[in-house]
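Several structures are given next for inspection.
Okay, so subunit A shows up in both of these, paired with subunit B first and subunit C after.
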Partner chain A sequence: MSVDAAYLSPSLPASIGNEADATPAPRGALGRRLAVLALRQGSLAVFIGVLVYFSIAAPFFLSVDNIGNVLGQSAIAGVLAIGLTVVIIAGGSNVVTGGIDLSLASNMGLSAAVYASLVQAGQGDAVAIICALGTGLLIGAVNAAAITLAGIVPLLATLAVMNVVAGLELVLTLNTVIPASTEFLATVSATGPFGIPVLAYLLLGFTALVAAVVQYTPLGLRLYAVGEFPEAARAAGLRVKLFISGAFLASGLCGGLAGILSVSYLSGSTTGAGDMLLPVVVTALLGTVFSRRLVPTIGGTLLATLFVSFLINGFQLLNISSTLVSGVQGLLILLVVSATTLLQRKGNQ
Partner chain B sequence: MAQSSFKAPSFTVSVRGLARYALVAVFVVVFAIFSAIAPAFLSGANLLSVLVNNFALLAIVAIAMTFAVAAGGIDLSVGTAIDFASFAFVSLVLAGQPIPLAILGGLVGASLVGLFNAILISGVGISPFLATLGTLFVGRSAQQLLTNGGNPVYLPPSSVPEAFRFLGHGGIAGIPVPFVVAFGVIAGAYLILSHTRFGRVVLATGIQASVVRYSGIALSRYTAATYVLVSAIAAVAGLIVTSTVTVYIPSSGNAFLLNAIGATFIGTTLDPHGRPNIPGTVLGVLLLSIVANGLLLSGLNFYWQQVATGLLIFSVLAIGFANRKAASRA
Partner chain C sequence: MNNKFLGGLNRRNLLKLTAAAGAVAGAGLLASHPAFAEEALSLKGKRIGISTAGTDHFFDLQAYNAQIEEVKRLGGEPIAVDAGRNDGKLVSQLQTLIAQKPDAIVQLLGTVSVIDPWLKKARDAGIPVLTIDVGTTNSINNSTSDNWAIGKDLALQLVSDIGGEGNIVVFNGFYGVTPCAIRYDQLVNVIKYFPKVQIVQPELRDVIPNTVQAAFTQITAILNKYPEKGSIKAIWSAWDIPQLGATQALTAAGRTEIKTYGVDGSPEVLQLIADPNSPAAADVAQQPAELGRTAIRNVAKLLAGGALPRETYVPALLANKENVGEISRKLGIG
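Let's look at the complex of A and B:
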């Protein structure tokens, strides 16, 4: 169906982890396949189960209005998580030395601040959009240069960039809220056809676009190859550093886009964008569970974003304390990762 | 031909030798610049306040982080350990328990966080980044549940015993207690990491875990102990913070996280092999502390300070990693 399924048999990643077991018994591979299937279907089943429970417990939950709102509210986090997913795909699953972009949330904050400041300064939407996206792209370029040219580990490079970017946002906004309202912003935050917010359409459209490129084109296939087997990718003639740079540029651009969406959603730039970072990281990592081979995919990330948003929404509708949300997120990621790890370990035996 | 191939390595060695001390050089330069532009910087009172207010707490957390990074992992939940220590400490003091018991309670509270990490990392086999990220989130929720949705727990002055004040504001032979404690933690950590079997195993795990396993060492036990130790060290910072400000604020410990990671990795540039090491971490914390203080004194716009700090960390890392890259190419 996609890159995800076609390009490797499920038994391969297991054998990479342990060179002594270059050829796992077919039976074990089958067992693992079944277990992976169970995990993936299981998590989908949990997702659907939670939705069904909320719909019964809170009738308003299933209304078009509510679903549209949740989709709209997920747009900002969704775009950020998709940017991070691209970086994780290209950088590999080792989060310390591989793909991670800690600067994404502050990137969004600065891009939003740039947009709002330009609007305040009397500039038009076109200029503001270009500058906000340019800000995001520039941050992505700095990350890319630090990682591929200076050779700094992504975790640290993006950590340092995050500090600089968050500082620049403070310099620009003096830690205040900059209101911005233009026709374009009003259009984006308005309600579109069928009573569903425009932001929801934007999220779905953006996901479809990125998913099309990442999951269904040769470019996307190579991106996975670079992330999972950099040595093999290099041997096959792929320019690994170029792909990694591209991934960070793409994620920077996502930060800029998320900035524009947040200016529209909040009618201005606000402080505290950095708080989005860890939830976005968790969401992007959670997304792997919705893919067939337990790898990061764009569709999986969208599902994970929506899952978390629906969970928060359902808790609100049922008057359950929202303080539980971060705990549920934490437990989810631990459950998912434990299950995946145990499966891989089983595959190795 | 033979001559040139002799020359090449000696040249790289000297460049590497120089770059290795880039951190020391940056530190000296930054120190000199601040002394020149901000006269108050060099005063004894100011330097002491840097050591007590900026350095001591971050140093303790960064030392904790160094153990996790030395073992080839990372601990994103040091803030959670700080918070749990702080919460247990405040609760026990409020309940009228003696201070030594409250301190013990704080250490135990934080060690539970470490134990949770240890089970996830060496029991289940989750990567440290993900395991401790999960702990961070679960810990945040747990604290909100314990405090009715995240309300700070204040210690009224009437219920604060004298011994409590001593921890945050007292002095031993004129030296403030937080600094004495930080010094003790640094010295202890140095001894453990470079002079004990445990330290050697931790360092070896970070370099090549499989070799440790094949050497017949119970790797998972050492890893588990490492993460409990990380939380216990971080707890010390939580106890000092709490006794200084006499309040527990849920999830406030995370403020140290990114600086602790930064200091630890800045410190790795001091080691010829780029390994985490205690002196490097201490120098990294010192650098971050004097930068924070010096920028404040130099009258630079408050908001530019974060930019400057970020740029500085960035340049030290860039020099350190470019150096390592050159070394691996040579």
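Let's look at the complex of A and C:
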């Protein structure tokens, strides 16, 4: 999260300058910065408030068992949301014209189906892992080609790829559940050290790895530059299309990885992977409020993933109808998107 | 946040079918009921986990709500969770439920291969698991409908309606799904003794998804092949969504002399049966609310130290033109 603060302005000319800037900023920019601060601190406060409330209302909430469970339950959505975040960083955060990968959820579905089918066909885990990751990578490559070579808007290109991939999954599975159980899959879905699920460790490890690359290396900085201000990035000698392609390949790989985790979690490949799409998009969007400048960050996305999972978990522990969860989730998105949109408009004036 | 546009219905139907299939797989182990007086049952001070694969069908909603009410009626505290037809959510909610250590968990529907490892974990954690329409060795007792009786009742009604002779068209696309196979076999068993009843060959294949449209198209084609009235007497299917499409096709083609038969008691089909001009003749309805109450009463018996049979059968109700009003009321359909 150091990158966005230190080097990069958000795509809003009015707020160029860093936080410590002492020169008198235009009134609008100052107001915006206060609002950003309020939104960011507010969201963190809400997050912490929710956790505190759940801990008091349902004492079991704070137990290691439960927190481990929630971390493990967040793994699949978390990996997908992180993949999407990388694409949003490289493509810009405009939902319509910026970076988006709608094929991620169906990518996970197809990769999982490939894995489960290979296991059913008697192949070992190594082959299945390579093929599942390869499937994800291939889907990423198709997205990258459609966007950088054919020049299609990511929203439309990945929408088309999503349909192709979902169709392929149907062809492969005939819309049925393909059970798969191997030693490797059992290990991934088992409980690891300290009674915390292995999936939880995987999520944290994966987040740390991607965050290290995206937030703390020159490569990550360039990725932000490409997304925030492509013209400037190009003028500075960055090969914009190469970075965008790389982001889609990375997100494809995330889809493949999530597919493997999902085969392990669900003891096979199941139908309805597409159901994951909206929650993942929501999580990646929500993640921006957990960053200093309201830009997508890997850490922010992890927080958003955990926030949504804790919400679902807390509702269950408090015995509140789970139907309320989607309502609350929707309300949050509406608030976050309206707040960020309003702030951006104000900034652009 | 369910993304419905990627074909929710087909999946749900398939889930329902497969779940029902598993339910019957281990049937036939009916033991004698333990003698517990109804009023002696209590769940006072007990926390009962109620987990459902979804509540978007009439069937699951009824069974789910009936379980919650029954736990409350018996003085217990229900912890009710609904996965909204999402397998990932289903596994998560079971995990959390197991960690909460309730006195028992009742699982309603769900793909067996997905939930079985977690039901096993619940069992390993010492939590008794009961199921509704899920066939697994990790469940102590499974409450389900008696598909043999369903198949027989439907077949007898059909044969009697057509006067014991004539051609019948049969949808047999899901013989691989156990309840459907049982219902089909019962039809064959019954018409064996009515030699003038013939199944039109080849049999039709009902499909998922687009069940209604596919049935409509196939029946329209059959009607063109058998244009004279009386050449087809009835249409049979193992569930009532193909029946819905078939009935619509008959009405559209003006061939309302042909009668249709199915299973599940979907409200829209019961409505057609209630319409005196509709070719829909009979639909065997399961009693979802009764299934839910039965499962909870079984939990109470178990926690009171009683023994449970492997399966508890809840009778199904056959709705025909005469009694459909009464059956609908019994099922709680307006």
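Note that in this section the second predicted complex is superposed on the first by the 316 of 349 C-alpha atoms of A that agree within 3 Å, B and C clash if a C-alpha of one lies under 4 Å from a C-alpha of the other, contacts with A are read in each partner's own complex, and residues count from 1 in each chain.
Here is the rule we go by: a residue touches a chain if its C-beta (ideal position, glycine included) is under 8 Å from a C-beta of that chain, and two chains touch if they have at least 3 such contacts.
These numbers were taken from a predicted model, which means no experiment stands behind them.
Of the two partner chains placed by superposition, only subunit C is touched by A:312; subunit B is not. When the two complexes are overlaid on their common chain A, residue A:176 makes contact with subunit C while staying clear of subunit B. By the touch criterion stated above, A:267 is placed in contact with subunit C alone, subunit B being left untouched.
Applying the stated contact rule after C-alpha superposition, one finds that A:166 touches each of subunit B and subunit C.
In the superposed pair of complexes, A:66 makes contact with subunit C only, with no contact to subunit B. By the document's definition of touching, of the two partners only subunit B reaches A:342; subunit C does not.
Judged by the touch definition given at the top, the superposed model places A:328 against subunit B, while subunit C stays out of reach. Of the two partner chains placed by superposition, only subunit C is touched by A:276; subunit B is not. When the two complexes are overlaid on their common chain A, residue A:157 makes contact with subunit B while staying clear of subunit C. For the contact definition in use here, the residues of subunit A common to its subunit B contact set and its subunit C contact set are 166, 175, 278, 282, 321, 323, 326, 329-330. Those residues of subunit B that touch subunit A in the complex are listed here as 74, 120, 124-127, 129-131, 133-142, 144-145, 149-150, 258, 261-262, 265, 301, 303-311, 313-314, 317-318, 321-322, 324-325. Those residues of subunit C that touch subunit A in the complex are listed here as 1-3, 5-8, 10-11, 14, 18, 77-82, 84-89, 91-93, 95-97, 99-100, 111, 113-114, 116-117, 208-209. The part of subunit A that touches subunit C in the complex is made up of residues 60, 63, 65-66, 69, 72-73, 76, 105-106, 166, 175-177, 179, 189, 262, 265-268, 270-272, 274-279, 282, 312-313, 316-317, 319, 321-323, 326, 329-330. Within the complex, the subunit A residues that touch subunit B are 94-96, 146, 150-153, 155-157, 159-168, 170-171, 174-175, 278, 281-282, 285, 321, 323-331, 333-334, 337-338, 341-342, 345.
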